[in-house]
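Think of it as A, B, C and D in the order they're written, each chain with its own count starting at 1.
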Amino acid sequence: MSDYIVEMKHITKRFPGIVANDDVSLGIKKGEIFALLGENGAGKSTLMSILSGMYEPDEGEIYIRGEKVQIKSPNHAANLNIGMVHQHFKLVDDYTITENIILGMEPISKFAGLFPYVNIRNANRTIEELSKSFGLEVDPKKKIADLTVSMQQRVEILKVLYREAEILIFDEPTAVLTPQEIDFLLGIIEGLRNSGKTIILITHKLEEIKKVADRCAVLNKGKLVDVLDVKTTSINLMAQLMVGREVSFESEKAPAQFKEEVLKVEHLTVKNEDGFEVVQDVSFTIHGGEIFAIAGVADNGQVEIADAIAGLTKASGGKIFLNGKDITHDSIRNRTETGISYIPEDRQRYGLFLDFDLSTNLGAKQYYKEPFSNKGILKSLEFEQFGSRLIDKYDIRSGQGIHTQVRSMSGGNQQKAIIAREIELQSPLMIFVQPTRGVDIGAIENIHNMIIQQRDQGKAILLVSLELDEIMNVADTIGVIYNGRLQKVASSESLTTNEVGEYMMGARHE
Amino acid sequence: MSKNKKKVSLSYRLLWPIRNEKWQPITIPVFSILISFIAAAIVILLLGKNPIIAFYNLFQGAGIFPKASYAGYKSMLTDFLSLLNAMTPLIFASLAVAVALKAGLFNIGVSGQMLVSGFLATIIVGYSGLDAFIAKPLVLMIGIVAGGLMGGLVGWLKYKFNIHEVVTTIMLNYIAQYVISFFIHMYYIDPVSRQSKYITEAARLTLVDVELANLKMDISLGFILAIAIAIFIKFLMDKTVVGYEIKAVGSNRNAAKYTGIKVGKNTVLAMVISGSLAGLAGVTYYLGYFASIQPKVLSNIGFDSIAVALLGNTHPIGIIFSSFLVSIIDEGSTYMSSQAGIRQEIASVIIGLILLFSACGAYLKHKVSSLKEKEVERKDSES
Amino acid sequence: MDTIIIDGLSFALPLFIMAIGGIYSEKSGITNLALEGFQGFGAFIGALSAVLIANAYGTDVENLFYVALLFAMIGGMGFSVIHAVLSIKFKANQVISGVVINILALALTTFLTTQINALVFGAASDKFRLGVSERFTIEGLADIPVIGAVFTDVYPFQVIIIVIAIFAWYVLYKTRFGLHLRASGENPHSVDAAGVDVAKIRFSAVLISGLLSGLAGMCFAYSISAQFSSSIYMGYGFLAIAALIFGNWKILPTLAACLLFGFAKSGGTFISQALALPSSFTDLFMILPYVLTLLLLIFFSKSNQAPRALGEIYDKGKR
Amino acid sequence: ACGSDSANDNEADAGADEEGLKIAIITSPSGVDDGNFNEDNYNGILQFIENHPDATVKAVREESGDPAAAVQAVADIVADYDVIITPGFQFAGVSSIAVENPDKMFILNDSEPAPVDGQTDFDNIYAMNFAEQESGFFAGIAAALETKTNKVAVVNGIAYPSNVNYQFGFESGVNYANKVYGKDVELVELSGYAGTDVTGEDVGGNYAGSFADEPTGKVIGNALIKEGADIIFVAAGGTGNGVFTAVKEAKDDVKVIGVDVDQYDEGANGSENIVLTSGVKFMAMNIERALNSIVDGTFEGGNVVLHADTDSTGYIKEEGRHQLSDDTLSKLDEAYELVKDGTVVPASNFNEHSPEDFPGL
């Protein structure tokens, strides 16, 4: 009898063209926080999906509490007290928080002692209590569609807790959270561990692992590289094992050389669907050779600013100038032509045609002009050559090269594809919204270097990020947004992380 | 365990013709069609008839195989030409469905669009006495424009008011049917046939009873056009910016918008193209095949074409073949019924079965690839 | 005037129950164009059973009204298994499956009707003749002005439909099954992750749509011609789909849409009779329901939203 | 339908005997099992085969009802048969096929052949039409004599000559009964359902505009009952089913008169029956007669109209197949003789008479 609560032995899982897990063996002890580390596409999500019953392995065995099991379904996993918070949330937008949490385990009452019904009122009460007891307050009657990402994540966690899971799997839970939210979440996770639960945590952020995890397994291209004791391993070593080379965390960056003004935003106001002003009277400028970062807690209007500049939402007031030209009322296509690249926040919803192949997606911003087409006729050879070149240049990994259906690519590689496409436009203004969300550290380093490289070539960069570290690391100028208003615009040297944080929380004003 | 392995390799062997992924777009439909013919054969056997003969009759009736005897002025060639004549509108209609599907739209109103364009062409050109050289191209033009406008209306309502195209097209089907019935009854009725008056020969898209070598043939002028247009649509969808944009909108509206594609414009454009194709189906049907319009009757083609388009994998060349097959069964059914004594409904049943099995193509594909993996494993573990 | 309400209701209610069937299927994520085929096949089985039972037990077929309804439901459900198996188990394109089922239903029922008539009754006929359904009037209530018509000349099936509709509403919105069903159409991954079998839910939903459509088909058969023949395929299945989309996939608004169709239809007939116009003009009044629908949709369609996962083949592995 | 012969069962003998007559019947979408018009034609063939067992018949349905498609269907199969029988208006165009195939014989029912290059009579086409006005006339008399509300009506499909003949005949019959038997019966006509005949003339009446529109049939039936009509002559094909249903559902005592063939079986309504009698034309008999003439070698092409003088028109008076009173029956018998000997000539679509003014009134 081993002291492992979870044991996975010789797990292999293949997808067409790729071995996602290749003979992986792991043991996880009861009551520990066990981290999984690896590059994008290393097979972390796949391995955990196997444990939570979403996939069945092609080979290998699983033992839970010493007993051999075949986990055939998530339900089965739940019966074994295994619960997973997925990387891509599995929530019903139209349902309330309560309805989502109780789905599959609803409390039932009877009308007139005869007709069973789902007792939502009771459930609301239960959920409210549950959420309070774990310090994850939510309003049970709210609809998912109206929630912020971090709130949605709370719901996912509550879902698992409601099911009384003993073994909790978190797949990149912090990728979408602000620093404050991350701290809060890590606190929760530690609290869960202390109450006796076993936690498996997938993340790309080594400092998080360092902070909370006990042990950490490193995967590379489907294979298990090593299992480390976190206390005794340095962050650098972990990174090195994971990427297979030395990684630097501070981006090397020459001092900025500001050139002429590229983007000028004047008194920009944006209303959302309900007519509420989510961006109010925002003005700023970006020069060639400047990285302007907007820092802020999620949903404070930063994405709407980026959308308004790119033309995805209408500005209800103010003006936008690009290279001196008023583009406030231009079409999206015209703006792209005038010189805007845009890496959107939601890559699957906005960035990609998931059912198209990779080369088609890589050409999606240029298909209509030379050399990709001539007089309206597409040239497929150009697409293929262009695609192959980008795959090499940006190290985009996929099962079948340019012919891979994008849907089957791992999240990080999807992101790389978008970045590659947008940088290749060579636009004078490049907008990056959350460019490193869900991307492994090796790739983050690359992306940061690419952004800086673009700046050095004289491009104006607008960076929207929820990660304060990233902003402090990369930005030349920082604008802090709170409640749709720019609170502070200053050079990054003149601000400390703490100050920015205070502006972000609305605790400080100009 | 070993028994299980045997089973794997047996079904794997059975599926050998469709193992090669590269050829699957062709092999899978062919395979499904074979299975459905086997299933239909069983049905026919159950009726106590000989399926081989029945199928043979089917093909004889459609002019693919020679009949034992021919009526005066008829031969296999004339039968085959009738087949092409009947097939022409089906190709257009299926292309119409396919183009809309590429844009993520479901054009269930092909029948209505056919009717409207057929009607307008009938009253504008069909009774005009215009010279054939002007009349025939004009009929095609009206078909394209009328169908296109009607399709465009559907697209516009969808884009502007978010009205689901399925509802719009169903409603327009009914409206077209009744309004046109009204006009036919009021102004264009042939009191004897109770259909619209017959159009002039000059306006017809089928040359009827062309006497040649002691045969009387119906030559469909639209057929060549249908083939040409199918190839054009293939080119348009795969090789042009227009096609790229339409498919992008169909694949992901948000992403399309973000890439700078005008979603509204392309929704309308796709429906205009779809409607124009339906319009061509309409004129080749009403002014080619029939030369007259039955009031208050929607052509079945509009619905059959949905299935035919999907059987052809929404691929224009595939559609030519699927239309060909379905038309053979349709056209041959009268002769089969007369020869083998099998009721015509059985022809519909066969068509249904073919479509049914082809609907499972994706499953077959999936099955084959998973069997393939297992087979690879088996080989690995054996060696 | 009363006729508008009486005829309108006797048309709207079967349409409504069929649309509810459609709602079940589509809310679970399965596109259902096969309603037309289900209702026809259901009516076929219902009529066939009634005729066979009457023959075997020597009863009058008139007395077998409820038997016919019951078997129509079973028949519709049985036929819907094809759609369920194809679109769930074999991951077939749901549109193609629906269209094919309609083609098959028409061909099969026409064919089988004559075959069975010839084999069993020794008379090749293309229809199964049923007795007419009785109609009742609730005395006191029927005298209320205008509203009274609702209680006049009611077919028993109208009452049955209302009861079933209420039950269907309760199941869809109040029970565990309903909760799972609606979630399957929005985000099947969430249902799967919650340990509920998406395939099972969808399978049941499609069967329910078959069951309710079968009922509707039988009601149409009774209210229109008191017999089964291929004239049962009149496109009402598509009308039901239009109604449920109009109703934004919700039961109550769908009822409104069906009533609109029903009253506009009988109203159109009434107006054309009242105006004493030549018969050709009747056709113009017949477009009333459809034009009205389009006009109303221009105002009410903005926020309509199909179930998000509608028509998508559910594949666990798909991200 | 008599006997268990379904459409396909006779085919087995095909080819067994080279000598036998090969017959094909091509029909409208409702097929030879419609229990009605088509079936009666088919029965004529079956009767013929009973006496000529080496003959064979094949039944083929044309699915669209469109005239062009109807002709195409005939062309598809004509080579394999000796005789082609086509009941229904939409087959008028077979004359072109007849010209191209002079060795084949054609029997048309319910239409005259379409002219080919000005020719209207063909050696190999026997086109028979019936004096439906006579059958309608008997129905009209029966209705007028049996009505209790003194209101009767006729429902038709489309104002084709055969249908108009039925209508005019019926109206003639009602007028005749009013005049001769001193009745005071009114014909109910709904506004909005007047028919337009093949010359574009308004002929009044209650026309549904289709032979296959049951819902409209029911609407018309209900409206007529509401107007007080208690006997309705239904000459409307499939549309007539709707009228039948309306009558069966009606609480009042309403009856219908069937058409073309004996429709008594369709009138069953619980323990009662709504069919008073049927105004019929004896098609089976005439089809058999024509087939016999082919075997005898006496076949002659031509377009004929069949009257009561050959017992081709009439009404149902067999015991148990009608609900007419003895008095009505005897009056109908009188009228039958007068029609037969030409004393009474009811109005038809094109015989220059009108229901208000015809010989014998």
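Rule of thumb we're sticking to: a residue touches a chain if its C-beta (ideal position, glycine included) is under 8 Å from a C-beta of that chain, and two chains touch if they have at least 3 such contacts.
Protein names from UniProt, one per chain: A = ABC transporter ATP-binding protein; B, C = ABC transporter permease.
Here the structure is a predicted model, which is why all the values come from computation and not from measurement.
**Q** Give the chains in contact with both chain B and chain D, ordered by label.
**A** C
**Q** Can you pull out the chain pair that has more C-beta pairs in contact than any other?
**A** More C-beta pairs are in contact between B-C than between any other chains.
**Q** Average the CA atoms of each chain to get its centre, and name the chain whose centre is farthest from that of chain B.
**A** A
**Q** Taking each chain's centre as the mean of its CA atoms, how far is chain A from chain D in angstrom?
**A** Centre-to-centre distance between chain A and chain D: 77 Å.
**Q** With centres defined as the mean C-alpha position, give me the chain C-chain D separation in Å.
**A** Chain centroid spacing, chain C to chain D, equals 36 Å.
**Q** Suppose each chain is reduced to the average of its Cα coordinates; what separation in Å results between chain A and chain C?
**A** 46
**Q** Averaging only over C-alpha atoms, locate the centres of chain B and chain C and give their separation in whole Å.
**A** 28
**Q** Where does chain B touch two or more other chains at once, residue-wise?
**A** Residues 185, 296, 343 of chain B touch two or more partner chains.
**Q** Two or more other chains touching the same residue: where does that happen in chain C?
**A** Counting only residues that touch two or more other chains, chain C contributes 114, 279, 281.
**Q** Can you name every chain pair that touches?
**A** A-B, A-C, B-C, B-D, C-D
**Q** Along chain A, where are the residues that touch chain B in the complex?
**A** Residues 14, 16, 58, 310, 312, 331-333, 335-336, 342, 344, 349-356, 364-365, 367-368, 373, 376-378, 380.
**Q** Of all residues in chain B, which touch chain A in the complex?
**A** Those in contact with chain A are residues 238-245, 247-248, 251-252, 254-262, 369, 373, 377.
**Q** Which stretch or stretches of chain A touch chain C in the complex?
**A** Spelled out, the residues of chain A in touch with chain C are 15, 54-55, 73-78, 84, 86, 88, 90-95, 99-100, 103-106, 108, 115-118, 159, 348, 407-408.
**Q** Within the complex, which stretch of chain D touches chain B?
**A** Contacts found on chain D: 7-8, 11-12, 14, 24, 58, 60-69, 72-73, 75-80, 89-90, 92, 97, 100-102, 104, 158, 160, 196-200, 209-210.
**Q** Along chain C, where are the residues that touch chain B in the complex?
**A** 33, 82, 86, 89-93, 95-97, 99-100, 102-104, 106-108, 110-111, 114, 235, 238-239, 241-242, 245-246, 279-281, 283-284, 286-287, 289-291, 293-294, 297-298, 301-304, 306, 313
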